[in-house]
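All chains are identified by letter, namely A, B and C, in their written order; residue positions are counted from 1 within each chain.
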Amino acid sequence: MSMNTWRKAGTEAKLLLIGIPLFIWTMLPIYHLCLFAFSSKDEAMGGRMWPEHPTLHNFEVVFREQHHYLNHFWLQMWNSLFIAVTVGLLTLVVATAAAFAISRLKVRGGRTVMNLALFTYFIPAAFLAVPMYKTMGVYGLLNNQWALILAMTTIAAPYSIWVLKQASDKLPWELDEAAKMDGASPLQLFRLVYLPLMTPSLVAIGTYALLLAWNEYLYAFLLLSNDRDVTLGVALGNFLAADDSPWELLMTTGLIYALPPAAIYYTFKRYMVGGLTAGAVKS
Amino acid sequence: MATVSFQNIEKSFGHTKVIQGISFDIREGEFMVLVGPSGCGKSTLLRMLAGLEEITGGFIAIDDKVVNDIESKDRDIAMVFQSYALYPHMTVGENMAFSLKLRRADPAMMAERVAHASKILNLDPYLERFPRELSGGQRQRVAMGRAIVRDPKVFLFDEPLSNLDAKLRVAMRAEIKALHQRLKTTTVYVTHDQVEAMTMADRIVVMHDGRIEQIGAPLELYDHPDNLFVAQFIGSPAMNVMNGKVRRDGGGAHVEVAGGVRWPLVHGPGAEGQAVAYGIRPGDLRLASPDAEGAVAAEIVVVEPTGAETELLIQAGDDQLILVTHGRPKVNPGERIGLTIDPAKVHVFDQGTGARLAA
Amino acid sequence: MATLALPEAQRLPSGPIKKGMSPWQKWGLILLAPYVVVFLVFVLYPVGYGLWLARHPVSYQKLFDDPIFLRSVYNTLAFVIIGINLKMVVALVLSGFFVTARTWIKWLSLLFILPWAVPSIPTILSVRFMLNPEWGLINSLIFRFTGDDGPNWLNDPMLALGIAMLMHIWKSLPFWTLILVAGRLAIPAEHYEAASVDGATNWQKFRFITWPSMRTLYLTCTILSMIWTMGDFNSVYLLTGGGPADLTHVLATLGIRYLRLDEVDMSMAAIVVALPAVLPLVYFMMKRLSK
């Protein structure tokens, strides 16, 4: 073989040297999850790499709520969905309005609010968890799903406003002026010109907020305690506490819980990548 | 159609005063051009008329009604922007109909108005297309169509041809002028290009540093510029200007410049010894033999034939001048020639103030 | 030409202090209001309340007397300093990997996002079970290959903390890698082409082209990652619950521990103690990003 071919083979080898371990590293926990989900209890505990008799029985048990830990599976699934979607929508409403006011209407105090939002974004949410828990107690919202919805909206909003503002700033100013001359009121400008042009960013932010809420554990676990009100994630955490838990069912439920966010992310991926990195690489 | 009146208009951005106090009126159906170099305040003035900028001082009135506190949309005006500002997510037809849609107009009326404007501007084949699918010239026409559909009292144009290439600009100039002749709507047009001003305007406002230098019909500004700035801004190639002192002796007068060249003044204005700027347009210089009566001696530096005309770069003493003549004179670089001047075409300005000296 | 009988030209004030607001200003305030309300009710009040709860000096006394707290500080520092730098270096290397044009790399990059996109609970529990000393996958494999029992992973505080760090890296690596990839893509290809012509090696290209361009971004990402890692609750809590014997607590889980012990004031005091470390980093980030 020629020098070039050796060199090319060398490059490929180096790439594979990174790629293969990376693949194993990335997929191992997820593969293990699937392993348990598709194995019977005995097989799962047997420490195998591969299920000899893969079965869908676990899924059946979960879907039919046939174990006392799974009594409220569908209800909890619904809770997760309801909360996630509501957070997505609420964040969109709050953030889009704020971004429009700051970026296009150049509202007074807009920069201050933007900076406050940015500050909130950087502070880790975990720091705010206990105070939020006490505060919700003061507001009388504990064990109410709206506590979680409002808390997650508060957490998702700052980044959303920032991304939307960056995207807004790219729209040419003359469009607003032309609309003004055409006779648009502020609301008409918002509805008929701004929103249609911002659609890709809106999809990215809605997805971001939805995923954030669906995946959340700490706040959900602090703010909700009733079995009928909790999200699927919290239910999984509760599962963990007991010793006699059916681990394979736990993992199956976990897998089911992990699928929607993966699916949603991949569906809206082309909106997400631009949206998420755009803000970060501004130098 | 309406009248527009600017009264003592002032504009400041923070502490910087950009418009110093401007007053003038625009007549009904007039095509008024605001022209001047970048930063002179012409766009700011237009935007104040449009309602896109706050008015710091003074009043603007449309049809005798003060509009300072009236929103853009209630002023019954339409604007064509330099970058067209078409809504990218709407078709051409929707762009044009937008203003009517906002007022919840009757769909039949909307369709009729759009069709009417589309016909005038030859946009019929493009009504269903999106702006990104159109060329620059087509987009500009859509922007105009959007304005026409409004049927406003006043059209405002903010440097609409600046983004087009030279050939297209010439074509669009004629189209806009034809449009104006057809619709007869009062128009305020801003440009930095004096050729556009000269060819399109009924009257021109020449602006500089936030002030009006002169207002008048194009040829009036060309033939009788009030000051040096207007004299050199209007007309292409620019007027030749030589600085010197007036000398009166015996029967006539001339302007003596450094280097000893004497430029004929005959009965021209100016006191003995006054420092003046002597102006003569390239087209008003004539070629003659160096020994001709009253001719100024000069030498040809460069010959630039442009086909129908010839531009000559000429050295007379310490000054370089441009001469433009029809046809193709048989002259060569380095050749000595004489320049003859019609005294009626001489412009004399005070060197300090730039103001024209009265004859 | 009609002349208008206008009053003397008045000087209108250039500020927005006019009689009533324009609809544009009005709507600006109305549309900004929802977020402002959210902020006041759900950020400002809780923060204020939290700080108020942490106002007694005795809370801090209790805190510093608690060996668990001191251990947590140590753990958090180890977590942040080792974990972040390890993660960012790997992210930097991977960013170079992922910009290489191969179809299989593109597919791999799609899978690579999964840890970040899916929720933590299932995946951390999955690892927890993998590490079960009796029937977990890892120890089974170790036994099969060496005949020995593997370690009791989550019962050894050092190992457990290490695994928690790895979990954190597993989850957040994709996000930072993506950002660094974007940073790499912003470097014009011509720079590398010119360097190739000049005979530069890959290492030289990295040192003289890639790194100078990426330096600032790398630093910004590291700082931001440090802030966020201090708040990583899931990695420790879902893996070890803070155990064994409260030895793997970090700052984020400590708050919950004190909450459970009904010592809310200590919970807040722990956060306040962390602020001198966190706030300067936040200030740095604010300077970078707010314009």
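The working rule: contacts are C-beta pairs under 8 Å (C-beta built on N, C-alpha and C of every residue); 3 or more make two chains touch, one makes a residue touch a chain.
For clarity, every value in this text was computed on a predicted model and none was experimentally measured.
Set against the Cα centre of chain A, the chain with the most distant centre is B. The two chains most heavily joined by C-beta contacts are A-C. Put simply, the C-alpha centre of chain A and that of chain B have 59 angstrom between them. If you average the CA atoms of chain A and of chain C, the two centres end up 15 Å from each other.
Counting partner chains per residue, chain C has residues 23 touching two or more of them. Multi-chain contact residues, meaning those touching two or more other chains, occur in chain A at positions 185. The multi-chain contact residues of chain B, meaning those touching 2 or more other chains, are 71. Against chain A, in their complex, chain C makes its touches with residues 16, 23-32, 34-36, 38-39, 41-43, 45-47, 49-50, 53, 93-94, 97, 100, 102, 104-105, 108, 110-115, 117-127, 129-130, 135-137, 139-141, 143, 170, 175, 178-179, 182-183, 186, 216-217, 220-221, 224, 227-228, 230-234, 237-238, 251-252, 255-256, 259, 264, 267-268, 271, 274, 278, 281-282, 285-286, 289-290.
Chain B meets chain A in the complex at residues 50-52, 71-73, 77-79, 81-83, 85-89, 98-99, 102-103, 146, 150.
Residues 15, 18-19, 22-23, 25-30, 32-33, 35-36, 45-49, 93-95, 97-98, 100-102, 105-110, 113-120, 122-135, 138-139, 150-151, 153-154, 157, 161-162, 185-187, 190, 211, 214-215, 217-218, 222, 233, 236-237, 240, 247, 250-251, 254-255, 257-258, 261-262, 265-266, 273, 276-277, 279-283 of chain A are the ones that touch chain C when the two sit in their complex.
The part of chain A that touches chain B in the complex is made up of residues 172, 174-175, 177-185, 188, 192-193, 196-197.
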